[in-house]
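Below you'll find a set of structures to go through.
First chain A sits with chain B, and in the next complex the same chain sits with chain C.
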Partner chain A sequence: MFGPVNKSSLNRGTLANITTLRQNWGLMIALFTAALAFPFLPGVEGWMASQAALIVVYIIAAQGVSILTGYTGLVTVGHGGFLAIGAYTSALLTKYFAVDLIIGIISGAIMAGVFGFLLGLVFLRLSGAFMAIGTLGFAFFVGTIVNNIPIFEGREGISLPTNRVLGMEIGDTGFLVISVIALGLTTLLIYRLVHSGVGRAFMALRDAERAAESSGVNRVKYRTLSFTISAAVTGVAGGLNAHIVNYVSAEVFADIWYSVDFLVATVVGGSAMLMGPFIGGFFIVMVPFFLEELADFSFILKGVVLIGVLILAPAGIAGVIARPFQALRAKRICPKSTGQPK
Partner chain B sequence: MTEILRCENVLVSFGGVVACNNITLGITEGKIIGLIGPNGAGKTTLFNVLTRFQDADTGSLYFRGADIGRLKPHDMASMGMTRTFQNINLFAEQSTLDNILIGAHHLIGNPFANMFGLPRARKNERKLIERARQIAEMLRLEDQLNNEVKNLPYGVQKRVEMARALASNPEIILLDEPVAGCNEEETADLKEIIQHVNRELGITVFLVEHDMSMVMSICDYIYVINFGANLAEGTPAEIQSNSDVIKAYLGEEDET
Partner chain C sequence: MFGQLFISGVATGALYALTAVAVVVVFRNTRTINLAQGDFAMVGAFAALVFIKDFGLNYYVALFGAVLTCVLLGIAFERIVMRPIADSDWLTLFTATLGMYYVLHGVAGWFWGRDTKAFPVTFDPTPIEVIGGLVSQGHVINMAWAGGIGLMLFWFFRYTKQGIAMRAVTDDPDTAMLMGIPVRFIVLLTWGMAGFLAAFAGVLLAPIVYVAPEMMDEVLIKGYVAAVFGGLYSIPGAILGALMIGITENMAGGYLGSHFKTATAFVMIVVLLAFRPQGLFGIQKRREF
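Here is the complex of A and B:
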């Protein structure tokens, strides 16, 4: 339809794309293998496994935030609410219906997704700072419910039975393996999302809403979809979080700082990068860990790093790390283009 | 000659300001049609009504005879109508290739099949990428495919916007000031592209433009509006000699 096509340029591009894909997958698989092997290394104690599981929880929660904030451009300060929904759904199901851990976590994700869908509809017209305040309100709303409705047992909390997967009891190590597998699945989901027409539509809405609409992107549909997927992924983190210590209480899950921590993790790591939540999640968990004696300083340090990243590297730490690789990749795909416009 | 797009008695008012006052016009298929008028005449408002970003208070819109007055902006692309914007409106953080691919959004098929990379969706995606590359080649953008569009010069960005519009496989393109802010070379370039799109691909073009020499040289037919109302219509030659049009642009001679 559009006249002769230069075959050589087509082939060159496609081949280069495939090689970079393979390299990305190689790196990812290596990372996950390392994470799976970690609890079996000599000298690793049980508490380290649950600490590592906590990092995984933060990474998954930040992945959820990155879908909405990084890729769709809607800042959320309320994902702690979805974490709580995922956690309590899984907690109540495992306690009162003795369901399998896996079923509990999946149910938590679905429940969070349903609430995400509804919230997406309610907040259809909000953006920018208004969206941030709206989602913050949602987190407070969930906190109030959890504190006051008897079934959630407020600050008393609910103690959960030992984790069971496929009828077998699992310890901290087994739990870490489950967490890492969950992380693998959410990472795969986000990878597919970002590299598909759906991810393109999310990013189009983020960058130029009207142009996206005139290109045929249904704003209502894709915004709500982004909310739903984002909430469901954070719901997975919630389910896992409940079962790390087998205890849920309003004191922990109604805490607004969860929401702030997830946002900080996403922004510091790099909100629109696949590696971003990994770096951010690690950062958020390890800061209080190293500053145990000076707990108040961890807030200050998080704040300072956040401001530093926003000023020096708005694309996040992952953005800084990726820069040289991107230049390399661009050169390989389009040898003629120097990065400089002609 | 069939009319691809038609609006009748479109009235739009913002508070007390009447932006479009009973505008009626028809776009003949396969032509390049111009819409001109002094600043504030209501050209962009009319464009927004036609592409459904703005609802008309009264009046009716037809695409190939079908009423489109209740459709949404995102329905336009699959129907065969697309537009560009007055100030460049690209996805700045994304590559040229991704910008063009978003133009083809309504062709991705089932979004979930696309997301999970099912075989048929993958095949379709490859087809879309190949088509995007062909369009890029036609608009001489093949070297910019992987560059972020925010780093491209103005004239090139205008071409990217055109490429994105073409990716949706349109029957009619609405161009809102396609050469505004371009230098002579870029203007000549875009003019050539518009004519190519019209003649070789058979796409109807409806454009708003202030560059009169450009409008006069490429349009088959021109509508003139002033203060939100139809003022004149005709071939470029007729418009150039129309006394009402001259008055609207240059003002009336003082008779005292």
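Here is the complex of A and C:
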């Protein structure tokens, strides 16, 4: 009557398994403290801090994808485009107006959000495979513009001055601290979003679009909102990515594989779980890093892990980790149950 | 100039059509966008290369060997990877083929190296005049192959029992199963057909783009765009989409400059999807996928 309810998506991140994280504030805070303390440990060199910052960038970008793909159910293969928009906005502002790093990143996020809003309006009626190809087209489009319009300096690239925060120059370590703070803010944003009425509207649209609409969820409003927030979060990642090496070029940002990597990170980690992007981002950056000499094996490993996760744990690696916690919680609520959430 | 660009556009489009049709055939029977389609073709091209170079076989025997390899690859992929997750949602199926893409890329790079290899059968550039334009002989041969395969598909879907069963599964898998059609076998056959088409796409393109693990990436994306253009459910739509993309990008390359060649296909698809979300020949009721 209300159209098909996508049953298999129901186990991807219902309210039941998200709320388990409410008990895990301690874990979250410990994780962030560890990340902030990491660059000050003895024996940690500058390049390690940059590598860690790169992981943070991937995590934030994957969080952006997870808002749209995991919570709202619209598969995107075009978030590399938003990454590029965030990166170039921040880079051009830094180059021509010498703005602060923080202002650069925020304006990158706003610009990406504006484009996300527009794209959301254009693709209002798309879903599934059509949405995927449409967003892919968007990423290609951004790549072509960046490659061919003179102000973006194409493959030559733009070199940026040293990063400045509040008038002080910062190195790799300081940059990592800034990235981790940004990650903390985006994580908090997603947590608040998912537990609010807006997040529930997103998930309702994902699980049963027509039923949600007939219960008063404004599809046009929430779809464009989801697109906007998702793009803005990925824009933050873009701004950070531009400043890790202080260099942006079309060779990097016009690359379509960014978009695919973000999608893979989201799916491997768990697309509708708060922890998902953390695991996925770590995986995507560290696999090629450890297998640097064996690029072919890193491809094979990525593929095998992806397929294995999809067959064995459709809710992602975070879903597997969350399972015992869920069982525990279910037992606490209803001591006589088997521990399986219904 | 116009006729010239048009004819060579048709020649390129004919090769995209092989990929586009395979994408459609797999999608409408299994809801899967097969991102590994290009890599099936890449494996086919490498297989043909090995058969010709290392075993010293004749071109046609090597082509047959490549077809056999790809069909087996498609069937194995269905049995090992896709069957356990056949009932999952769309995103899962999509990313599983992406995983296969990574695996095949890695395996090909490991076995045969990342460098580009020349194909022993060279592309014949001798120009022939075809309706007002000059076309190289190689393109004419490729168009002939693609046309022949198109006719074969028409015959298969129209007159054979398996072809009709395949169309029935497309329309409604549950009813088809109740009517006694072996749906599992038909799905297997679908993946076999994807391999069959991939082998031809790979071997016919090998002399033009040379053989390398990433040789088919761009062709795959164009084939996918063409399939979406035609609405993802219609084989004639996919063929038309492929020819249109071939022609437009050749025109853009000729009149605007080669930078805009790839982008035109995407501008076209974004504009089309903004106004017609189900593609040119799409069916409205299928939108839930």
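Everything below uses one rule, namely that the second predicted complex is superposed on the first by the 310 of 342 C-alpha atoms of A that agree within 3 Å, B and C clash if a C-alpha of one lies under 4 Å from a C-alpha of the other, contacts with A are read in each partner's own complex, and residues count from 1 in each chain.
Just so we're on the same page, a contact is a pair of C-beta atoms (placed from the backbone, for glycine too) under 8 Å apart; a residue touches a chain by one contact, two chains touch by 3 or more.
Keep in mind the model is a prediction, meaning the values are calculated, not measured.
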Should A:Phe283 be classified as contacting the first partner (chain B), the second (chain C), both, or neither?
neither
With the two structures laid over each other on chain A, which partner does A:Tyr258 touch: chain B (first), chain C (second), both, or neither?
neither
Between chain B (first) and chain C (second), which, if any, makes contact with A:Gly197: first, second, both or neither?
first
Mind working out whether A:Gly216 is in touch with chain B, chain C, both or neither, as first, second, both or neither?
first
Once the shared chain is lined up, is A:Tyr88 touching chain B (first), chain C (second), both, or neither of them?
neither
Touching A:Asp207 in the superposition: chain B (first), chain C (second), both, neither?
first
Should A:Leu310 be classified as contacting the first partner (chain B), the second (chain C), both, or neither?
second
Where chain A meets both chain C and chain B, residue numbers:
3, 6, 9
Which stretch or stretches of chain B touch chain A in the complex?
51, 53, 72-78, 82-83, 85, 89-94, 98, 101-103, 105-106, 108, 111-112, 114-117, 125, 130-131, 133-135, 137-138, 142-147, 151-153, 156, 164, 168, 200-201
List of chain C residues in touch with chain A within their complex
27, 33, 81, 84-85, 87-92, 94-96, 98-107, 109-110, 114, 221, 224-225, 228, 232, 259-260, 262-263, 266-267, 269-270, 273-274, 277-279, 287-289
Seen from chain A, its contact residues with chain C in the complex are 3-4, 6, 8-9, 12, 69, 75, 122-123, 125-130, 132-134, 136-138, 140-141, 144, 147-148, 260, 263-264, 267, 271, 295-307, 310-311, 314
For the complex, give me every residue of chain A touching chain B.
1-3, 5-6, 9-10, 13, 192-193, 196-201, 203-204, 207-208, 210-219, 225, 272, 329-330, 333-334, 336-337, 339, 341-342
